[in-house]
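The two complexes that follow have chain A in common; it is paired with chain B in the first and with chain C in the second.
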Partner chain A sequence: MSGNRCAVIGVGQTEYRTKRRDVSIAGLVREAAARALADAELTWRDIDAVVLGKAPDLFEGVMMPEAYLADALGAAGKPIMRVHTAGSVGGSTALVGASLVQGGVHDRVLVVAFEKQSESNATWALSTHPPFNASLVVGAGGYFAPHIREYMRRSGAPGHIGTLVAVKDRRNALKNPYAHLKIPGIDRAMVESTPMLWEPIRYLETCPSSDGACALVLASEKAVTGTPAWVQGTAMRSEPIFRAGRDTVDPRAGRDCAADVYRQAGVTDPRREIDVAEVYVPFSWYEPMWLENLGFAAEGEGWKLTESGATALDGDIPWNPSGGVLSSNPIGASGLIRFAEAALQVRGMAGEHQVDGARRALGHAYGGGAQFFAMWMVGTDRP
Partner chain B sequence: MREVAVVAFAQTRHSAVDEGLSEPELILPVIEEVRRASGLRTFGFTCSGSCDYLAGAPFSFVSALDAVGAWPPISESHVEMDAAWALYEAWVRLQHGDVDSALVYGFGKPSQGDLRQIMTLQLDPYYLAPLGLDHVSYAALQASARGADRAELDEIVRRSRAAGRANPYALDLPDPEGDAFAVAPLRPYDVAPPADGAAAVVLAAGDLARSVCERPAWIRGIAHCMDSHYLGMRDLARSASAAEAARAAGAGKAQVDVAELHVRFSHEEPILREALGLDGASAAATEINPSGGPLAADPVMATGLIRIGEAARRIIDGAAGRALGHAASGPCLQHNLVTVMEG
Partner chain C sequence: MPSEAPPETPPEAPSEVTAPPGDPAAEHVPGHVADHAVDHVLEFPGGYTRTTGPVIGRFLTELRDARIVGVRTADGRVLVPPLEYDPATGEDVTGEFAEVGPAGTVQSWAWVGDPRPEHPLDRPFAWALVRLDGADTALVHAVDAGDARAMRPGLRVRPRWRAERTGHITDIESFVPEVTRITSPVRTEYRLRPGRALTRFLEGVARGVLLGCRCDSCGKVYVPYRLSCPECGVAITEERELPDTGTVTTFAINNLPDPRAPQVPFVSAYILLDGADVPLIALVGDVPAHEVRQGMRVRAVWAPRQEWAPAPLSMSNITWFAPTGEPDAEL
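And now, the complex of A and B:
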């Protein structure tokens, strides 16, 4: 890892729900932030700076909301920044917060990401008609479905693999008190009985629309309180959406980003050396796709890992024990939740979905046309 | 902190009307220009600033990445803020010590919409935005609270527009005249004219900066601060967050030769001069907005970055020894960033 040491010392999450009518946007973010502060046993006064992340402003209709949310986040009289890197934004927000500590600028940084999807309609916001671009009017599922079909063609994966992921992640969600979708008794037959939305993605193979916020308190080495999750590696990578010849199924930016994080963390065999991963899987098929992209499986082999049960909570490399994006999706926060759950695992504070003895965890987020990537490695060992 | 400097700066010739260029087309030439000026083709980090609402579409920064030619994939991030904050993020990233250069850019096409309508959306969505209070109206509240002197405001606009006419990148605007109000007490010419435009800056650390630039503009201090959002909770006649940012950036440690201020309304200039410590005994020695400032062209989301770039340019040119670049955001100077640079 570059720069000064940085650790996660507080995690706060709201319950993720379809509609949080009981709180304003300010109330929502404050709830997560207050829980993160309580976890770190700190107060608002202890925070030097705030970093706020969320997906497009059109999702709520509040432009550059850091101005409005400054008061709720205790940022009046302090520096606050707003990050926006599409779906990867939650991850990027954590990385910008960590950067402030790694760069020696601040000792304690509050990182907050949110989405209150019930205030607007994300698929509408994703389907506008800008003057210089074609509008696909398809939302995210319609955009990614062809990439999934191409993965199936290349790898020869059987059609039920996505179903397995949908069942596995929702069963994990039953153990997570914050998770949005809780479907007792979910099984393959139930997933396969739901309508086809975008071939091959069925209704229960896609992520929900959630209201929710997530927050972290990050600290420099000298400011650590409580149980730290040490940041062992951080990286961002982006590639152009319209570059001819880029591989949207197995994006180079994702591979490069992972390689950078593994190098910093000293990981050469991710399957063996990482104990648990929280990976951005908004559509079930992205588990096998990212297993390959992140080097947990060879090309064309990711689906076999999923099928073998290796990524289940009791498998040898659990992916998304929290239930993942498939179970809770406040879009702008979804990446930060991955990063936060990774930290909870190595702090031993993940409750019922704790992976026993987890010492090293990967947090991952992606966005745009599978072109923006943000990742970090956290662990019990100080780098 | 690690020594980091502005080593190259470029901006478009800002246009008050839509010239039919897409955002990537606006950005491409300025990125090429800073690549040429710095001799650097690739960068350790890239960060940009823009606002989706100007394009009326989500992810306006996604296609902008096409102009960067981000292949092989680059280490890159984006702030939904004025690109001055992208520069701040890049400066922080360079403090880690593992990369030595950063590309920063910002862009805006306010010609695509009605800025007065759009800016209402930056307010508290439950209690303020429904009032329809636009940015000219709340600026007028601040001008009233300040008790701004009309003759002083007229002189600020006259000076800014004259400087803008001498600046090939700014708009060509006549001396202010007329007694109509935009929103009293502000006249139309007190309001920064929105323009389509983009800007880019290259930051470099230590020896790399010295090797690519004869006289780098070393960043000696950079800091930002947010005030409360609610206008009723602030003394609108002053800017506490600007004063705090200036203090944290060390602006008052020595004489400032040139200050480029993000003045979107003429009355903001005296408020900022006071907050940044540019009034007082040595005030006459500080040249304010020699580029004409935003009152001569306001390419929204690039305007703050351009202030840093214009201030840096005067150090790189040898015209100034110590310069200050200021950026602002939010209603009534809610959020302020100050960069202090030296030759």
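And now, the complex of A and C:
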């Protein structure tokens, strides 16, 4: 990997909830940031720069929230910048923060991302129906359902695979004190009894709407305090949504992004060499789809890995032990939570959902029409 | 989840016991006698006077100055409203007064949906037990919460004082919830133009034609018509008219209503027009949702010509795509 070494030395999360009526947006991000600082045993004074990630401004209607939140994040007299790459923004935010350390610009960077969905109007903001549209835009579920259907046709996956992921991730969430959806006793029958929203996506195969924030403290090698998770590889990729021949089931940008991260981290067989992955799965079927896109399974074989239980917490390649996006979804923060959970795993600090002996973990986020990707590999070993 | 009504709360208005006018049953009740009722008022002119005594007097004097005080008991509790004795022990209270509030916490309440003339507010409100900050007992007063759903145990409230105060409990007009949320309107006005490429395409739709284009460099055919190739990044110059027939490559059955769809469920589909290399997303109709298939052949259903709107440019001339009945295409 190019650049100076960079490590995650602090992780802070708020509890993810339907409504956080007790705090302002500033209070919410501060809660996560203060916890990350406490984890790193640092204070606001020790931070050189702040990077803030946030989904579209129109969600909460707070325009340029980075300006409003600069004081709340202790950025007075320091650089602060904003990142926005649709749903992948949380991941991109961590990568921008890491690049400031890798580039030798700063020694300690605070990375924060958030969403207050209870006061956000995401569905409205994503479908404002301006005039002159040539294509029908039907919101996230309506957009992704056809790609899931196409995956099912191509792979021949049986129809229940999505419900397996919906159950597995929610069972994992029961072990995560920060997770939003806690459904004790969830099983396939319960998932299958919920209505189809955007067939083939059922209600319990989608992510919730959450309030929450997540924060990381990133440090250069000489500024490391506490237990580091070393950044072993980082990459972002994007692709145009209306390119002819674009494969919406297995996007090339995702494949290229993973290949770049694996090359930097020296990984040639992700299934064997990665111990745990936190992957952006907002609809249950995206687990088998991304298992293939990220090279954990051959094309058309991802669903077999899911079905075999390999991605469960006690499987050989656990995916989303935290419960994933299916259990907590403060949109702007959802990608950063994947990156943060990957770091917690290799620091051995994931608590009840810890994967024993995890030495290398993948964090993944995607956004837009599956066209923006951000990934990192973190591990116990200094790169 | 309203809690039990506080004991000081006046009972809800008793339901009228007289029968509705014209109820024939009422006319024939045995023993029914003619009604000779008249109104009578009993009121001492000017009202009775009451000497407050030093404790209540201090409380009312402070109220007139927009302050709320309680009195301390021998064992250190603060009674609000104050009393001259400790109701728990019967002992005298101390001479020590303590300012409390003005904010407090709702302990329980009864909602008054239909206020009577003598009530402190002319709109629905709650009679509530409010424990003011620093007090050990609760005060009964009205809470102007707007809606019963705004009431909950633990709700923080503050007094709304009358401008003209006389030294009476009604110097506090009512309590009102603390401010926890504001509304922040967001509105921006735009003037939109469709741009050259989309104008060209939508003008085509306006006369019943689907216009695409072909990239010279990669040979891919795009629809809607556009001016550059997203793959090659080069300008596109070759315009190409496309047929209004195509193949459903994949689709969603949407079970949530949408203003642009005629019913629920509705099918939104990726439709690859014949000769095109990128799909359009459009509605599929004239077929039950669960009979739509990947590979199904479809044709645009154009609205009747007399309904075609000249402006603004839009896709509305195409109602949806409907099956042609041809055999399914290979995907």
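We take it that the second predicted complex is superposed on the first by the 375 of 383 C-alpha atoms of A that agree within 3 Å, B and C clash if a C-alpha of one lies under 4 Å from a C-alpha of the other, contacts with A are read in each partner's own complex, and residues count from 1 in each chain.
In this section, contacts are C-beta pairs under 8 Å (C-beta built on N, C-alpha and C of every residue); 3 or more make two chains touch, one makes a residue touch a chain.
A quick note: this is a predicted structure, and the numbers were derived from the prediction, not measured.
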item	value
Partner chain(s) touched by A:E150 [first = chain B, second = chain C, both, neither]	second
Partner chain(s) touched by A:A244 [first = chain B, second = chain C, both, neither]	second
Touched partner set for A:T128, first chain B, second chain C, both or neither	first
Touch count on chain A, higher of chain B and chain C	B
Partner chain in contact with A:T311 - chain B first, chain C second, else both or neither	neither
Chain B versus chain C as contact partner of A:D71, first or second or both or neither	first
First (chain B), second (chain C), both or neither touched by A:W198	second
Touching partner for A:R21 - first (chain B), second (chain C), both, neither	second
First, second, both or neither for A:N293, with chain B first and chain C second	neither
Which superposed partner A:Q117 touches (first chain B, second chain C, both, neither)	neither
Residues of chain A at both interfaces, chain B in one complex, chain C in the other	58, 61, 129-133, 240, 242-243, 246
Complex contacts: residues of chain B adjacent to chain A	1, 22-23, 46, 51-53, 55-63, 65-66, 68-81, 85, 88-89, 92-99, 112, 118-119, 121-126, 129, 223-230, 233, 240-241, 244, 329-331, 334-335
Chain C partner contacts - residues on chain A that touch it in the complex	21, 58, 61, 129-138, 141-142, 145-147, 149-150, 153, 195-199, 201, 240, 242-246
Chain A - residues contacting chain B, complex	2-3, 24-26, 55-71, 75-86, 92, 95-96, 99-100, 102-105, 119, 125-126, 128-133, 235-243, 246, 251-253, 256-257, 260, 368-369, 371-372
Touch list for chain C against partner chain A, complex	180-181, 184, 186, 190, 192, 194-195, 198, 201-202, 218, 220-222, 224, 230-231, 249-256, 258-260, 265, 268-270, 277-278, 280-283, 289, 294, 312-315, 331
